[in-house]
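Dropping the structures in below, format is structure tokens.
The following pair of complexes shares a single chain, chain A, combined with chain B in the former and chain C in the latter.
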Partner chain A sequence: MNKNTNKVANFFTWLIVLALTASCLLPLVNMVAISFSDSASAAANQVGLIPVHFNLSSYRMILEDHQFWLSFGISIERVVLGTLINLVLIVLMAYPLSKNKRDFHARNIYMNLIIFAMLFNGGMIPSFIVIKSLGLMDTIWALVLPGAVPIFNVILMMNFFKGLPNALEEAAIMDGASKMTVLLKIYLPLSLPGLATVSLFAIVGHWNDYFSGLLYMNRAANYPLQTYIQQLNIDITKVTDASQLHALTSISNKTLNAAKIVVSTVPLLLIYPFLQKYFVTGMTIGSVKE
Partner chain B sequence: MQLARTQKKQHKDSQLMYHLMMLPGMLFLLVFSFVPMAGIVMAFQNYIPAKGILGSDWVGLANFKYMFQIPDSMQILANTVIIAGWKIVFNTIVPVVFALLLNEIRVNWAKRTIQTVVYLPNFLSWVVLATVVINLFDYHGPVNTFLQTFGVKPILFMGSNDWFRPIMIGSDVWKGFGYGSIIYLAALTGIDPGLYEAAEMDGASRWSQLLHVTLPGMLPTIMMMTALNLTNILNAGFDQIFNMYNPIVYQTGDIIDTYVYRVGLLGQQYSLGTAIGLLKSLVGATLMISANEASKKFANMQIF
Partner chain C sequence: MKINAKIIASTILLCAVPLLLTACMSKGESSSDKDNVAATVAEKKPFAKYKNTVKYTVGKSIPGAPKLPKGDSYENNVYTRYIKKNLNAVSVDKFEAENGDNYDQKVAMAISTGDLPDIMAVNQSQLQQLVDNDLIQDLSSVYKTSTTKSIKKMYDSYGGRPLKQATFNGKLMALPTTQTNNLPTMLWVRKDWMDKLGLAEPKTIDDVENILEQFVTKDPGNNGAGKTIGLGLSKTVGGSYASLFQADDVMSKFNSFPRQWIKQDGKVVYGSTTPETKKALGYLQGWFKKGLIDPQMSVRDKIESILISGQCGAFFGPWWSGDYPLTDAYKNNPKADWQPYVITDKDGKVKAYTQNTAGSYFVVRKGFKHPELLAKIASLLNDKLVYKDYAYKPIVNYGLKGYDGGKPVDLLINYATATTDMHDNIMKAVNGKKDPKTLILDDYQNYKKIKAYNADPANADNNAWSGHITRDVSTGKMKDTLSKIEEVHPVFFGQTATMKQKWANLNKMEDATFLKIVTNQESVDKFDDFVKSWHKLGGDEITKEVKQEIKSQN
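Moving on, here comes the complex of A and B:
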């Protein structure tokens, strides 16, 4: 009898897990199928998981869409520049913070300031006014500088550094190495998993952010890709009655928008295998024991 | 003697070096975090952009009083807390249950494939996923087509005040449950296998092993994550709602953050928007500190 109940339990375990897994996969497959279908079938909602009247016309239209590639370029530029700035600042801050109070007297003062900045913020409007009065509107700097110090990632990296053996550093200091040399020559080479984790978080964050583009870019030509795509969807957020909503959602260019979404997701899919390898490390060293 | 002196000098040099390392990051925080905090004074002013912060008139708590007189304010607060509250509940339960179920699957390649798939939505932006969700719940979309086979008339989901909140809560859980389960899977592997062996010796069934070994083993992690999640009670998910709401569903879907953006920033009521933001930030910070204290005390873990 016990064996039978186990079999039933096993069956339901697989059933629920597979259903949840399918729920994550199928809507995305549907999006891809729509992007390869002809627009009439897509508008008539005939596309399921396989393209109907397979064709590449949406992708051909994207190739000729100047603004799309402009925005794509801005996003790439932002990811490269933003992630580099993030990494340099994270490493420089995480190292002194990984020391205890005896080694670095001001450590706790800095730590409290950082935690304060993490917990409390001025909010959307004061930040907007600061960016505006610094003259950063419509520049790439408005996209990369406000988030230059990702505090969560600094703490994550700090914990990673704390886990490294102390003996190497002591030996190097005995030989007269400076703290900067220790950081660059000893800590960094040992920290590749930690660096990979914070870089990947930074890359995904920069790539996916649409809101700073919306806030700080007045000209559509300066939009990063996610903001550009967000503007395609925004139509429905302005409607005021149900029939209008219904009409708008049925005339929108489904296949083209689907194709734009697919292309915008490709870079993430390319780094996803690396992401998967490292974010588990990130999650587990992220849960702090001090 | 000589050695001690060099060590002392080295120690002093290191202090300077440490400060220099902190400097660039702290400058960025100063400009982009601490200066905006000073901008909070706008909450106590009638801020007019042309006059600037120094030239605008002080109005004391008038903005805060006005905030509570706006007829919509209670509705917006309720929307925020209801959506955020249910998200917290399901974003705890679903990942825990999923981790428990996944842990029972012993076929390794299947387990890895499942993980690859369920972690994916977490890395896609709400801009992308909003399109996916709106398409799914379209008037002629897959969900309505499916319901029609049971004779249910098509529903205009995205324009329905009955359905907007459930869709927001459901799609948020859908996006995050896989990724959220990672920390619980890690907690599961941390449970001493000896405990299961002992339970089996005592003739405990799989169900009672779950109740008496697995759940107690996961409890500290569950408690810490719940405490952490509770700090988001006023964060109902701006990115998600902003990309899916429309004026028809303001009644159930307009939350604090969308209101601040629409009325405070676009409507240029800067002082009102800042005042609302300030209250929200205060509540969030207080909750975060309490959560940290609580998890230190009860789960022996520290968030920061």
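Moving on, here comes the complex of A and C:
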């Protein structure tokens, strides 16, 4: 009896999980199918999960699109630089904050400050003016510096550090280790799951962000990839002059845009499997402390 | 307590840091100010070359997908080199952004930080803002000295309306782009379906109704019973000039001109609130009830897709519908014979409202030493390049290869009759009455498409077909109809103070009401409630302001 109800329950659990998986997976498969289809069939919404009139012309066109690869390179640069800066600052900030008030007297002040900064910010125009006055417009720094300290990740990392046994640090200090040695030699090697988690957040965040590129880049040649892709999405119902018409043929090119999106997701798909095993443990670690 | 004080102190300190930093940075002078000296009288002539190179910064709107040759940029391409060669002026992009929302946002940022490019395009409300804050130059005198006779003739062909839109207190504050008015939309129908059912060409909306009914009930496209869609219709129903999928051709038969400020019996009214519009919506609701309009119109994402897939048999669209979206429909199924028809009143007339003859406005920053440069570039690109240098090889090749978006100042000025002129010129060349080499580039390409189509209509590809159906057929029908058009001129296009706060909400309410009435989710009488709340929620105030602005303009 009990076994049977378990089986039924299992069946439904599987069904729900499968449905959820499908709802995430199918749009992706559809996008891939469109990218391999003939453009007229794609425009007619005839492409489902299998390409119609299979062809590779979209991918051939991407190979020739130098702005796409330029933007691709900028995005990679941003991810590498941005994630490095994020990690260094997160660790340097989370370690002291993981200590209690006895060891670090001003801890609560700093804690309140960063939480304040997490909840409130100056808004778009003041941020824009700051970036502009600092002369960061059109540089990679405008993309990585404004979000250099992701507070949510700092708190995540702080709780992770708090979860590590205090005795390790005490023993190291007894042996004459400095605070920096403790952090580098003891805390960091033990925190790989946590580091992997915050790196993944940082990488995905940097890769997918299009808005800061739109705001802080004055030249289209400096757009990161997602900004470049965002502006491909145009809805046309009105043309004011005949000279604009020849631009229309490329706008209706749904297949090419789909191919660009597919290529843009490849780097993340490559990174995920390597970080995922840490990711699963990392998410829960740090959520409960003794 | 102590801690609180500390928190407050450090918060203040932290907030002060960026302020200090900004204060320390000197406000950079625009680079173009220093080395530029004001132009001499000779240099002010439209095509005169500057003695010393003039540098100017622009706000550049770009096409979404870049289409420049490798190695070129928006600052260095065939158009910028053409301008350098002719005028000795060099552009630097202050910012680049995609045409539309992204560009508008950059302009808004530039205005709010007070750091404007020397030349940029703005919309009507931004123009008003710039004039109010005294940030741009009066162009009245450079318009006289630095545009050619042809440019002035082009503006005059609109009866002076575009320049009037850019004039404030008698001063010309911007050079507007021009937008032509003609026959905004026609009915595009599957002729092959009509032939199959033995139907005659539609002339009035009664004919249209009959054709749609036959399409829906007899399924000439073999989509399966009940799956054929009659008319593809936009969710906004009507009121967008010369756009795809509007119902204006139906509504104008009832003297309904939605979303336009019109004069009715001597009074200024908003077209969406008139009893005529109620009647028109009721009529469309009748079509919907009979199943003649796309039953899923309120959730239809892309109307283009049902045309291309062959599910839908008709829609209202402008003359260029053959270029987009129908070129894909033809590619998908060359037997889909889409043809345009002009739908008239019973007495053979076509009523149509007109659009703003000014599109966007090009302004010159106050303090820029060369206000005449804008007028000179406008003359160069719209006069010399079009009528004298049309065979200039680098630009011809650039266009042939499908490159686009290079003009640093994309100020388009043409004659009010530009569309039918285009048809005339191409057809003259096709009929051997004009040397094809004297055609401007875009026309020449279409001339070749029509030649290809005429050589073998049965096997023409989609490019040849789209050239034929737009430059020969639809614009030809437009030309034949011009004398029968009764134009209704809207009396106001701008934005008033109250509109800034309330227009978005009023629009939302209008959109929802129109859609619900047409799709029969609400009865036609709900329209009266809409009108009442429209007046209450800001419509009365706005109407008053509009009347005042019209008075002050005259």
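Criterion: the second predicted complex is superposed on the first by the 235 of 290 C-alpha atoms of A that agree within 3 Å, B and C clash if a C-alpha of one lies under 4 Å from a C-alpha of the other, contacts with A are read in each partner's own complex, and residues count from 1 in each chain.
Throughout what follows, contacts are C-beta pairs under 8 Å (C-beta built on N, C-alpha and C of every residue); 3 or more make two chains touch, one makes a residue touch a chain.
Computed from a predicted structure; not experimentally measured.
> If we overlay the two complexes on their shared chain A, which of chain B and chain C does A:96 touch? Say first, second, both or neither.
In the superposition, A:96 touches chain B alone.
> Tell me which partner A:105 touches in the superposition: chain B (first), chain C (second), both or neither.
first
> I'd like to know which partner A:139 touches here: chain B for first, chain C for second, both or neither.
neither
> Please tell me which partner, chain B or chain C, touches more residues of chain A.
B
> Is A:28 in contact with chain B, with chain C, with both, or with neither (first, second, both, neither)?
First partner only, chain B.
> Tell me which partner A:128 touches in the superposition: chain B (first), chain C (second), both or neither.
Both partners, chain B and chain C.
> With the two structures laid over each other on chain A, which partner does A:219 touch: chain B (first), chain C (second), both, or neither?
The second partner, chain C, only.
> Which partner chains sit in contact with A:45 here, chain B, chain C, both or neither? Use first/second/both/neither.
In the superposition, A:45 contacts both chain B and chain C.
> Would you sort A:55 into first (chain B), second (chain C), both or neither based on which partner it touches?
Touch partners of A:55: none, neither chain B nor chain C.
> Quick check on the superposed pair: does A:208 touch chain B, chain C, both, or neither? Answer first, second, both or neither.
In the superposed model, A:208 contacts chain B only, not chain C.
> Under the contact rule defined above, give the chain A residues that sit at the interface with chain B and also at the interface with chain C.
After superposing on chain A, chain A residues 44-45, 106, 113, 122, 125, 128-130, 134, 215, 233, 236-242, 245-246, 249-250 contact both chain B and chain C.
> Using the touch definition up top, name the residues of chain C that touch chain A in the complex.
Those in contact with chain A are residues 3, 6-7, 10-11, 14, 18, 21-22, 25, 62-67, 70, 73-74, 93-98, 100, 102, 105-106, 109, 112-113, 115, 177, 179-180, 234, 240-245, 302, 304-306, 308-310, 318, 320, 323-325, 327-329, 331-332, 359, 399, 402, 404-405, 412, 414, 418-419, 422, 442, 445.
> Note which residues of chain B are touching chain A in the complex, please.
10, 13-15, 17-19, 21-22, 24-26, 28-29, 31-40, 42, 49, 98, 101-102, 104-105, 114-121, 123-125, 127-128, 130-136, 138-142, 145, 156, 158-159, 174, 177-179, 182-183, 186, 205-206, 221, 224, 238-239, 242-243, 245-248, 257, 260-261, 264-265, 270, 273-274, 277-278, 280-282, 284-285, 288-289, 301-304
> Tell me, which parts of chain A touch chain C in their complex?
Residues in contact with chain C: 39-41, 43-46, 66-67, 106, 108-109, 112-113, 116, 122, 125, 128-130, 132-135, 214-215, 218-221, 231-234, 236-243, 245-252.
> Within the complex, which stretch of chain A touches chain B?
Touch residues, chain A against chain B: 2, 6, 9-10, 13-14, 16-18, 20-21, 23-25, 27-28, 30-31, 34, 44-45, 48, 88-89, 92-93, 95-97, 99, 103-107, 110, 113-115, 117-130, 134, 145-149, 154-155, 173, 178-180, 183, 204, 207-211, 215, 226, 229-230, 233, 236-242, 245-246, 249-250, 254, 257-258, 261, 264-265, 268, 272, 275-276, 279-280, 283-284, 287-290.
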